[in-house]
Amino acid sequence: MSAGESAGKRGARGPASASSSRQWAPYLEAGCGFKNHWYPALFSYELKDNEVKGVLIAGHEIALRRAKGKTYALQDRCLHRGVKMSRRPLCLSDELMTCWYHGYSYGLEDGVLRTIVASPDDPILGKVRIRTYPVEERNGTIFVFVGDEDYQPVPPLSSDLPLRIGADEDPNAVAYILDENVFVRGIHRTGNSNWRLAVENGYDPGHWLVHMGNTIIASADVLFPLGAQPVSDEAVRVVEEEEGPKGVMMMYNRPEAWNMVLENPLLGLKARGTKPYYLRTSMYLPGVLLVEHWPIPGWAQYEWYVPTDETHHEYWEVLVAHCRNEADLKDAEYRYKNVFEPLALRDFNDNDLFAREAMQDFYENGDGWNKETLCQLDNALTAWRKVASRYNRGIQDRPAGNGMNGGGNGHR
Amino acid sequence: MSAGESAGKRGARGPASASSSRQWAPYLEAGCGFKNHWYPALFSYELKDNEVKGVLIAGHEIALRRAKGKTYALQDRCLHRGVKMSRRPLCLSDELMTCWYHGYSYGLEDGVLRTIVASPDDPILGKVRIRTYPVEERNGTIFVFVGDEDYQPVPPLSSDLPLRIGADEDPNAVAYILDENVFVRGIHRTGNSNWRLAVENGYDPGHWLVHMGNTIIASADVLFPLGAQPVSDEAVRVVEEEEGPKGVMMMYNRPEAWNMVLENPLLGLKARGTKPYYLRTSMYLPGVLLVEHWPIPGWAQYEWYVPTDETHHEYWEVLVAHCRNEADLKDAEYRYKNVFEPLALRDFNDNDLFAREAMQDFYENGDGWNKETLCQLDNALTAWRKVASRYNRGIQDRPAGNGMNGGGNGHR
Amino acid sequence: MSAGESAGKRGARGPASASSSRQWAPYLEAGCGFKNHWYPALFSYELKDNEVKGVLIAGHEIALRRAKGKTYALQDRCLHRGVKMSRRPLCLSDELMTCWYHGYSYGLEDGVLRTIVASPDDPILGKVRIRTYPVEERNGTIFVFVGDEDYQPVPPLSSDLPLRIGADEDPNAVAYILDENVFVRGIHRTGNSNWRLAVENGYDPGHWLVHMGNTIIASADVLFPLGAQPVSDEAVRVVEEEEGPKGVMMMYNRPEAWNMVLENPLLGLKARGTKPYYLRTSMYLPGVLLVEHWPIPGWAQYEWYVPTDETHHEYWEVLVAHCRNEADLKDAEYRYKNVFEPLALRDFNDNDLFAREAMQDFYENGDGWNKETLCQLDNALTAWRKVASRYNRGIQDRPAGNGMNGGGNGHR
């Protein structure tokens, strides 16, 4: 046995081989993310009227501006000398976005240059413009459609959101983020890894070891398996209806599809907790997780792993719950603030953030994708890679280096 | 209207076109600055007798040493193992600069290796040398002539200093930095941008928006226009007399040449202040600004944007005023310390430093120079670029990476 | 005399010429160190039972684990997703090293994958492995043999340790690190320079200027020369017996071989101290210094300059003294703690660390090796370079960038 021996001896169902990785070749190119998809940009409360804030999504520098309550998304580089307008927000008009440096002022709706502070009759007025991005603001979250400016038609937001399992399979359906009467609360923070490593960590049926002993599990005495082994082709369902979202669902609700591993004899390790607990995870394009019945039955956790640059993602963790009345809302708020945010979104998911960042250097230069040694548990992983490779709406190019990805110096 | 459309539709007087940018092609190569020019290195008070201090100018690492009151400038790399001598100043002799590591000792006047601490009879003594730089110390400032060692003759310091406007046009001339009986005080600090972005910010007639509301303006109730529009060919005067300094003067003193913009109707923006105020800005090679009658009439502000490396400059701000007697000097000192340094050099110019640094990433990889979208206000800018391209005494190469720019391992 | 003139005029015995540097060409390639040598990894007290700690040696990422008292060294990258196992130590078994992420568990002795926490029957079990490294733990120090996995036979640790001078030449021999009844204590810390600059600083007969006035010298009134000039071919002895360690010994004990320089008239500099003092320095492959009779007669200081990456080394400073009984040990401990650690290992050697780091940028891009200007004192230096070039057991490649140097994805 020596290093460098052929991979041909690997188990047939087990790790990835060179030929299988060809099935997700497009995914391997998507270091900057997929384009022509909807991504969350800010929570609504983070953008007050006449505020300007800059975000980076899949290499696109985007300035968000709220004016008279409406939210606009424009290229965050002034055409003149290339400064970011969001670096020094300046709101002089409800119709225009004005750059703080020389006062180039662009229409919020169309990005056309309308005036320059000290050159109100300049010949270039009306002749050049910055690009704009479609925006949807729903239930406290601002989503932006990021990609090619001429991509038409812009698909509905719902096509980039996870589906719940059908009522036929789970009559007690969790809350959906676009529903009316839902409580929606969460956080977002920067993760120091490529977005794909975050996705692959998010719903990984084999990574539960990192959560053993996490307080939210231990305090509820929930039976927490060592991991979940797929034991039939039903284990991972591919969701690929034509107009709908595309992704993979872990069918943990099917006892015949997954073997919940409760013991590893060689390591003398046993699952802790006594109360059997049911949840389910799904991963959808462009990289959004749904955990149904988490952190408690009836609630749902959404997670986005928004690509920023190749080595970072913005990690979004959002909890959604049905709230039919004021009392429900107060109760949800109480639980969120005192239990779920500190113990689920922070303590529990901090372990995931750690794991993603720990993978980063191995994958950063591209070799990890070829050198990884997958096992049976990774069938769920490869299912996602194939779906993502097949159904994405485009692969985002690397930005040019001056941060003008998707922007450019647009002329009429 | 879509991104990427031809620039051919731009206004004729307006933004730069590919053909116009060819007129300043040499300037675009000058990321490390122009060579064979005089640059300020330190204020005199910063170099005491037997002190050694290192500076970086246009990629040249230079050790300044004062011995018996005289200032010397030598290559700041010992020939032996390449350490910077300024990192651990060691002065054992008034005639020699001794490296702290093995004691290689070089003549202050000629850079020749004269002895080695533990090898006083070494065969290489007298056979190798480090290079030296011409130095001029005037009115509290140490200037070094940086460039090719064999450049001859070394031009006078005055050829790299700004000219005041002539007495025929302004009988109340401001103080000149080489005059006798002047008060000269200032600061220098590191700017995180290429030196050219600093120059272009310094005298920009269109950037006054960033200074609106600055305390030194507002407290004096000075009429501060939104910007200055050039309206005749007289607006920018090119200074190019054969032996003299080369540069551009903004002729703000000519009411027929510049339109002071007091209002932008579309933005509902009006100039503040009531007292009309006259100043003038000029920019000279190798990148030195003169603001006449600033911060008050009779005073002058000099600014150097000394190239250090491609992404930094040393920002020098120096105020000069006539001082005929001790009372004048006390008064100038009082104003400098309590008003001009905090409100002009710091508060007001902090905004400029911010703006330059905000441009840096757009220009850093070279694309900004081709992607910028200039307007009418930028005629002053392009005039400078042309003058700089035409009259510089050489373009500094990029340093080799080991900091030996302009140094090298000189042998006799 | 001008820069760039030919080096042909240099003194014949003096600086390196292009032809002489060809004699140590392999050394110039060894930026990541020499492979197939023994290096210190940790002090024994730094690795407690069931601890896992990661070290980087010559680009090899190595996880050290102690189980039931025995120390193991394994590749510090899990095969699965490439995380470092040492980042979150997890010890579930005395025979296995378990990765904290998914629980891939490898045999401590052979590195073979034995189980996966949630996939205890995975087909890849027993089919893949991580590599292991030979370990020797002696007198409080853990040494690892770093290099090619198939290098056979592994030479004894003693072949990579310095030799004392023979009893015929020094009847009062210092302690040897592998002796019984020795006191061994020290520190290690990161140096911000390539390991070769550290080596070349360590025993340099011309660098004593940086130690002038160091407290441990001055307080003992030791006669401290300005440097040592080699004056015969006996000055530097090459040690190259077939099975033994390879290196160079400075024969300071021979008065006819070295001229102790006590004065430099041109600089007016004289050696300080009155008590003549005898010590000797040697440098051995793979880069380990022995200073005999330092910091006091009978004691020895060992120093390793362990290559980590190309721009850093781990600087090991270890003092060794004979200790025949408990009283000796107490005395050694007292001196070490109160005098030798603060004044020798710290204060005195801090100056060396400073010097190495000061050389780094000059040598970092490779040019320093060609641009340096050596003098007579550097004969000792070039002797080492030749020995190192000739007798090393291999030159370590640069790591691939994902930290998998020497590791790789080993399959059976």
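Each chain gets a letter, A, B and C, in the order it is written, and its residues are counted from 1.
Definition applied: a contact is a pair of C-beta atoms (placed from the backbone, for glycine too) under 8 Å apart; a residue touches a chain by one contact, two chains touch by 3 or more.
No experiment lies behind these values; they were computed from the predicted model shown.
Chain copies subunit A and subunit B are related through a rotation whose angle, from the C-alpha fit, is 120° to the nearest 5. Different-residue interface: subunit B and subunit C share under half of the residue numbers found at their contact.
Our note on geometry: subunit B versus subunit C, Cα centroid distance of 47 Å, whole angstroms.
Across the assembly, subunit A contributes no residue that touches 2 or more other chains.
In the complex of the two chains, the subunit C residues touching subunit A come out as 77, 79-84, 87-88, 92-93, 96, 98, 100-105, 112, 114-120, 122-124, 127-129, 131, 149-150, 400-404, 407-412. In the complex of the two chains, the subunit C residues touching subunit B come out as 1-7, 9-15, 204-210, 225-229, 261, 263-269, 354-355, 358-359, 361-365, 367-368, 371-377.
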